[in-house]
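Sharing a structure below in structure tokens format, with a few things to ask.
Note that the chains are named A, B, C and D in the order they appear, and that numbering of residues resets to 1 at the start of each chain.
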Amino acid sequence: MRLLKTGRWITVVGLSLLAAVYVRALAFTPVERTQGVAQKIFYLHVPAAIWTETGMILVGVASIFYLFLKDPRLDRFAEASAEVGMLFGTIVLTTGPIWGKPIWGTWWTWDARLTLTLLLFLMYVGYLLLRGAVTEPGLRARYAAVLGISGMCLVPFVHLSVYMFRTLHPQPIVLKPSAPSLPGAMLATLAFSFLVFTVLYVGFVTQRYALTLLREQTEPHA
Amino acid sequence: MPENTPYMVTAYIITAAILIGYAVFLYRRTLKP
Amino acid sequence: MPDVWRHAWLLARKDLLIEFRSRTAILSAVVFTILVLLVFNFGRDPTAVAAVDLAPSILWVTFTFAAMLALNRAFQLELENQALDGLLLAPVSRSSIYLGKLMANLVFVATVEGIGLPLFALFFNVSVVPVLGPLCAVIALATVGFVAVGTLFSAMTGRTRFAELLLPVLLLPFMLPPLIWAVLATSALLAGRPLSEVVGWLRLLAAFDIVFVTLAFFLFPATVNE
Amino acid sequence: MLLAEGLRHAFGAVHALDDVSFTLQPGQTLAVFGPNGAGKTTLLKVLAGLIRPRAGRAQIDGGRRAVGWIGHQPQLYAHLTVRENLRFWGSLYDVPRADLERREADLLSRLGLNEHADRSVRALSRGLVQRVAIARALIHDPRVLLLDEPFTGLDRTAAEEFRRLLAEQAAGGRVTVLVTHNVEEGTELATDVAFMRAGRFVQRAPRQGRGAAEIADAYRRAVTGA
């Protein structure tokens, strides 16, 4: 129960910070010259995309340790991380096209980040479907771990194939190894937004983890 | 660039809706597991 | 190590013996492949779309379906009469069961591809012969990629309630990278581009195969060990 | 020789095995009776090495190579013939070719399967399939025989005949553990009897010639704690 309370508190903090980031991004960050106001979607789109990918990697890492240690806590965390990762994936897949429409004139573009997130989203769907299809806890955890590890190992290959496929995406502004070509104010807002998404990720995962724990305690299987 | 504004506003609303929606969903589910 | 391969070959031989005795699965896969090729042929307005442009996609959609058919049935034999428990009881390493099943699936899919490729060349009069060598390399490498991951996943989905639906959903993201590289390589080959362009994709395909065959080799025991 | 020492195992919160220990010498047949869900099959799977117990040790001289298993599922490939099945399972246990053929011929004749040898298992009756299951379990001449409710699905005459074959061909000189919830079926074969409830041996004693009725009575008393 204590876990649940902390989870809720972190989420409340996260949501209030979200409001702060909204205010900062909309009112206090300069409008980008070429893309205009639509560029502000960038502050939500990019952190969500980063966490969608990080979520999958965390599922993979937790799954590797689960196979060695067989500790149910890792399995619960993997499930929570997958669900929250999928949630952030939904954000990316909705804000992405909305951002793409005014800039490139089409709702869907096969650009690197969007395609990668679409694949991650499909992996999450598969992962949660597999968990849903197996009732026996031990078996479900092992199957989910196998899929989680495979999913994590696929991410680099998706990066390879997506970046090679003709990409419309403007060169990744921030993640370029050379100095990020984003003016200070915008970069600060992006960093702040990334912090907010991190807090939200932690808050959601904690609550989701506690929910699974509660569900296991209230109706232990026959 | 006023005509881009509706896109930005929609995106912000959707993001907030998804995040708050999930928070409420979790809160209600944890009340009665 | 030799034991693993010997046991794997025993298992693969058994699968193939059953497969080519009942022949229903292999025939239905081949007929299905022909059906897909025909549908593409009639679905295309010959004047508007040149065969060569569409050819790589047609080829790979057909081969993907053939692989999916084989993978859906991969562990069906083991589930009848709990033969899988029999295998687990035998002093056989779990990974050799995976290798055996992988080899059997590869032969099955290769047979369908062996029949599908000439038909594809015939129906779409695509000159395949000049680039046959590298093309077969691309096909072989991509197929190993699908089937390696597919065999691992079919071991898991085989025992769940809606196996036929679950396997494609799980497998789709894993098929895309090899598919993208294979389609790019095939279109370059069919368009008569120099071999140097294709080598990059071949290397990527090979890397994908090595990573996922090794991964599946070590992950498979986790799907059967309690 | 078979040794089980302090075996514990649980699936989540359910205690399948709760500190089970016993040793069996060649020629001994232990019949384990208990309601469904008492952990009987888990015990067998742990002895066979299919499941790694949470605690305790199960040890069989000769390891997995020396274990034969007959369950209510025959663990055979329906599409293969009887001979092909025996040949396949024998080779998995690395039985040398010459021995394999000799043992195969010997088992087929002893179990009266000669005229069915080249028919596919699919075409055989349930009684015949159980006989093939015995042949399969003995093809590698195991020292330990594990029987998991082998009588299920057999009508009275087939069960009677199956028990006779088990007594003559199988149990002689081997360590046998039979697990069933039906007291009548298991008693004749047993040299020792054990009653199991909620993962624990409630009672274990030699049969000393007691008939099925007496054992059933003792079982009822022990299990219900009357």
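Assume a residue touches a chain if its C-beta (ideal position, glycine included) is under 8 Å from a C-beta of that chain, and two chains touch if they have at least 3 such contacts.
As the structure is a prediction and not an experimental result, all values here were calculated from the model.
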item	value
Chain closest to the assembly centre - both centres taken as Cα means	C
Relative to chain A, chain with the most remote C-alpha centre	D
Inter-centroid spacing, chain D versus chain C (mean Cα positions, whole Å)	39
Between chain B and chain D, centroid-to-centroid distance (C-alpha), Å	60
Gap in Å, rounded to a whole number, between the CA centres of chain B and chain A	15
Sites on chain A at which at least two other chains make contact	138
Residue ranges of chain A in contact with chain C within the complex	67, 119-120, 122-123, 125-126, 129-130, 133-134, 138, 142-143, 145-147, 149-151, 153-154, 157-158, 160-161, 164-165
For the chain C and chain A complex, residues of the former touching the latter	149, 152-153, 156-157, 160-162, 166, 169-170, 172-174, 176-177, 180-181, 184, 204, 208, 211-212, 215-216, 219, 222-223, 225-226
Footprint of chain D on chain C - complex, ascending	7, 10, 14, 17-18, 21-22, 77, 80-83, 85-92, 225-226
Touch list for chain B against partner chain A, complex	1-5, 7-8, 10-12, 14-16, 18-20, 22-23, 26-27, 29-30, 33
Touching residues on chain D, where the partner in the complex is chain C	45, 48-52, 63-65, 67, 69, 71, 73-80, 84, 88-89, 91-94, 136
